[in-house]
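The chains carry the letters A, B, C and D, assigned in the order they are written, with residues numbered from 1 in each.
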Amino acid sequence: MSTPLETPSRPFDVHDVRRDFPILARPLPNGATLVYLDNGATSQKPLLVLDKLREVEATYNANVHRGIHQLGDRVTVELEAAREKIQRFVNAAESAEIIFTSGTTMSINLVAFAWGRKFLKPGDEILINEMEHHANIVPWQQTAKATGAKLRYIPLTADGRLDASHFDRLITTKTKLVAVTAMSNVLGTLNPIRELAARAHQVGAVILVDGAQSVPHLPTDVRDPAIDFLAFSGHKLYGPTGVGVLYGRRELLEAMDPFLCGGNMINEVHLESSTWADLPSKFEAGTLPIAEAIGLGAAIDYVQSLGFAAIHAQESKLLEKALRLLPQTPGVTIYGPSFEHRGSIVSFTVEKVHPHDLADLFDQKGVAIRAGHHCTMPLHDWLDVSATARVSFAFYNTEAEVDALIDAIHYARHKFRLE
Amino acid sequence: MSTPLETPSRPFDVHDVRRDFPILARPLPNGATLVYLDNGATSQKPLLVLDKLREVEATYNANVHRGIHQLGDRVTVELEAAREKIQRFVNAAESAEIIFTSGTTMSINLVAFAWGRKFLKPGDEILINEMEHHANIVPWQQTAKATGAKLRYIPLTADGRLDASHFDRLITTKTKLVAVTAMSNVLGTLNPIRELAARAHQVGAVILVDGAQSVPHLPTDVRDPAIDFLAFSGHKLYGPTGVGVLYGRRELLEAMDPFLCGGNMINEVHLESSTWADLPSKFEAGTLPIAEAIGLGAAIDYVQSLGFAAIHAQESKLLEKALRLLPQTPGVTIYGPSFEHRGSIVSFTVEKVHPHDLADLFDQKGVAIRAGHHCTMPLHDWLDVSATARVSFAFYNTEAEVDALIDAIHYARHKFRLE
Amino acid sequence: MNEELYDDYILDHYECPYHKGHLACPTCAHSEKNPLCGDQIRIELKLNDTGHVEEAFFNGKGCAISQAAASILCQHVEGKTVDELHRFQAPDMLRLLKVPLTATRQRCGLLGFKVLKAMMYSLDASPTPPAQQPTANDESIVATSG
Amino acid sequence: MNEELYDDYILDHYECPYHKGHLACPTCAHSEKNPLCGDQIRIELKLNDTGHVEEAFFNGKGCAISQAAASILCQHVEGKTVDELHRFQAPDMLRLLKVPLTATRQRCGLLGFKVLKAMMYSLDASPTPPAQQPTANDESIVATSG
């Protein structure tokens, strides 16, 4: 996915950038300095976002689209401005194609219910793969069960990429949906969205892209390559929890029935039946995560002030260093593809030290990572390990923090009497 | 609904309380002082809540239930503490019965899908009524369509209460669900939840209470009277947007299948099928509105520090004054029952001045109200008006603000050359 | 600024609207409703052979802004050509009102305009030229939520 | 405090566990898995006629905490009566570990304990007295996610 990069409004200096994230400078309860390498789980939020949230809550808190009063007007204008920022950020054709949800999970479920259950029938095929997050597997399992459609999995190559040699066999006129993550949250694998989108469209299928991990780190353009649905979360994009986005192509959103029902998504309600509002309201039942959506708009401003070129340069440097140093560290096995094929996520194991123990010992040194199956049990079955340790970088991480990671591995091995 | 009142930790003084809500003292863009009478749409948030949100975001922002690190531990502990506060606040038997959702609308939809679509069949009856918010009508219309169950409406009395003389006829062994608001968001009507719950249970039906308007203003006890499902929103309870609650009785929640699917709600995921997590995770797919849920916990602390006795006393005073002065104001018609039967909400019209014009003219004086159908079109059809003006009080409103409301009506009439 | 929202110009149109009622034989007519507030506007036009608006009438109920705007609109369009109506855009309509409207109130101020535009659109879509359109006395030629 | 989480006591049990393996003829056995981290523990007990634990074995895989805790648990329960096992509670188990555990890690430290408790519960539920329970060599008497 590529989009004309916005011109960043400031030169990138990681130490300068870190000052925007006060949490990075606070000592942890145990006195250690935070080395936050768990950005794949949730990112930290810059002051700009925190201040925007406070501004909404403390100066024009009101419900949107309803109140004829100054607070209500202001908050409505701010919310719609955030929607337009998101529209431009992913290059959607119109802001009505940007639906506010509670997160990636909700965005995918919305499509699974409102598109999947309406348009899939027995014999149809949903194409997914084993590296997907549970949020992009379980909704399709349930939709397959409910509709009689069949789930098919694209096999993975030994290094954890989609095996393109199976595309011809698997993407056929039976295929109605290709659901795929743009970046694996465990292996970091960058999937060939352009090729999958083209092939899906050739056979008349729809492509849904899970952008939870990619959108915060890479430019996204839903029109090049043409994507039908895109799901992502605010909280991984330096924004608040409680808000996410579903982008959907107008034609598809129009053809779908609403999912959640209630206020705002209706046109008229009569005793026995109702008619639906226009996009985007049709899919936005009830009070939106108002402050959160506006906060997400601020997060996007922040990302664009840095520019993806600078973000990518910094994250690549960290990834390259981690991929270089980790294999040199005794006992370490890393999973997933080589540098060219991945975003800034590395999962690994250390021989004789369980990932949970690793994470705990790392924490003693302030190094925050995640250990477990990272909501990808099928992938861990495929990797044949029950858990891995994962580091996931953001642009505010430093090369010194990669060194801290390596030191932490030595510390854990030492504690486990392995060195 | 009644619960042993918590002992308030401070004496109630409205001017003192107002200092906790800085927005109430800020001048509006037009220079007027805010008279916020739109609490039914969304409430203002005390500093305690704003500060708690900032604390989460700036000092231990992390994902919950996952990270083995100090931030993750802290945020998990805080989130579960919030869940327990909510449990005690509504007197649920266990905290696992408290499900975090994105709001009342989502809570009701969750029940409509996960309970309704599983357990309702043709011939079954869902009992609602015309004063319900769209959030408690449209999901049932859709569920009725999907399952073949029949929607039935309890008639209203001329003053806008449920007509109890029809209960015998309408609540029968065919009835499987009674869905009812504890407090109408337009008429303020307080519905006889105790009687409805008892009758529902007599015939083996389940009762769902929409507590969006009642929970912020009256004590709630889900075990006395026994309620099966209770839905409410954080943002009307002096807490953040983006978070709501579904209380469900364990037995019912256990019998239901999950609704949204993804991370956190699973036990094991295999390629073809998955098993579900225990309560409450089973219904909490994906990353929760973490900061928002913790903020809601703080809002509940705040409410309890005042105590419902003081809150109710203050709001009753305002309601009594409004119900006394409004009818004396030329051209005003008010809707709904008398003082004893209502919470602190009053909807009205002013002859020859459309509610939208009223709201706009009120706004010139800083008086924020809501005009329209308030997501209750069937009720407005029943009232035979296309729109009303609504004032909804909170404990931080003052008697002087009721005077400001009356003055604003005179001002509007004057502008419309009616006086 | 907002103070002047309900100025004499708006209130005069609200109280003594221009051409509120019905045409005996409209060339075209259309109604719409803003379900959010219940405001309703119907507009009826009589076009002559040269494609000019001979007469414009509206009917409806709702707030002062939506009703006054419809009245102002009717006054404005009379004598205009179909072509001119096509070029007439929302900002022009808002300018006609002479008062600043917030985003929420613009929905009221533009309701009549929306009805006019929907009608123009359906005229375009119709196979017969406007002057030969059948007249209509039913509530709406183009079925809408009105 | 946390610094001492991986102290010699835990690591010794992890590296040289007490009674890791299987009993030839267990009176009862049970397995569970923490799907969040993949940790697995199976516990097998041999009870004698007087209702005392004669031998306790565990098997499993997972983090140092879960495995050491199971080892410590086996050592602790031998010689205890079924009654004493019933009275044995989570805080007792955590105390046995001698290290402070955060909420997240308590799931690891208590996995073996949970297996034991589930087994005790199924013993209660079974119609025959414990001593007469059929022995089991299959992976689990009580079907669980193990």
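As a convention for this text, a contact is a pair of C-beta atoms (placed from the backbone, for glycine too) under 8 Å apart; a residue touches a chain by one contact, two chains touch by 3 or more.
All of these numbers come straight from a predicted model, not from anything done at the bench.
Asks: With respect to inter-chain C-beta contacts, which pair, B-C or A-C, contains the greater number?
Replies: Here the pair linked by more C-beta pairs in contact is B-C.
Asks: Distance from the CA centroid of chain B to that of chain C, rounded to the nearest Å?
Replies: 39
Asks: Between chain A and chain B, what is the separation of their C-alpha centroids in Å?
Replies: Taking the average C-alpha coordinate of chain A and of chain B, the gap between them is 31 Å.
Asks: With centres defined as the mean C-alpha position, give me the chain B-chain D separation in Å.
Replies: The separation of the two C-alpha centroids amounts to 46 Å.
Asks: Going by the touch rule set out above, which residues of chain A reach two or more other chains?
Replies: Each of 30, 67-68, 72, 266, 268, 356, 360, 363, 371-372, 377 in chain A touches at least two other chains.
Asks: Quick one: which residues in chain D touch 2 or more of the other chains?
Replies: 35-36, 105
Asks: Please list each pair of chains that are touching.
Replies: Touching chain pairs, listed by label, come out as A-B, A-C, A-D, B-C, B-D.
Asks: So in the complex, which bits of chain B are touching chain D?
Replies: Residues of chain B touching chain D: 65, 67-68, 72-73, 76-77, 80, 266-268, 275.
Asks: So in the complex, the part of chain A that touches chain D is made up of which residues?
Replies: Listed in rising order, the residues are 30, 353-357, 360-361, 363-364, 371-373, 377, 380, 386-387, 415-417.
Asks: How about chain D: which of its residues touch chain B in the complex?
Replies: Spelled out, the residues of chain D in touch with chain B are 35-36, 102-105, 145.
Asks: Spell out the part of chain A that touches chain B in their complex, as residue ranges.
Replies: So the residues of chain A touching chain B come out as 22-23, 26, 28-30, 34, 36, 38, 41-42, 44-45, 50, 53-54, 57-63, 66-72, 74, 102-106, 108-109, 112, 130, 133-135, 137-139, 141-142, 145, 151, 153, 233, 235, 240-243, 260-266, 268-274, 285-292, 356, 359-360, 362-363, 367-372, 375, 377-378, 381.
Asks: Given the complex with chain B, which residues does chain C contribute to the contact?
Replies: Chain C residues touching chain B: 2-3, 5-6, 11, 15, 35-39, 61-65, 105, 108.
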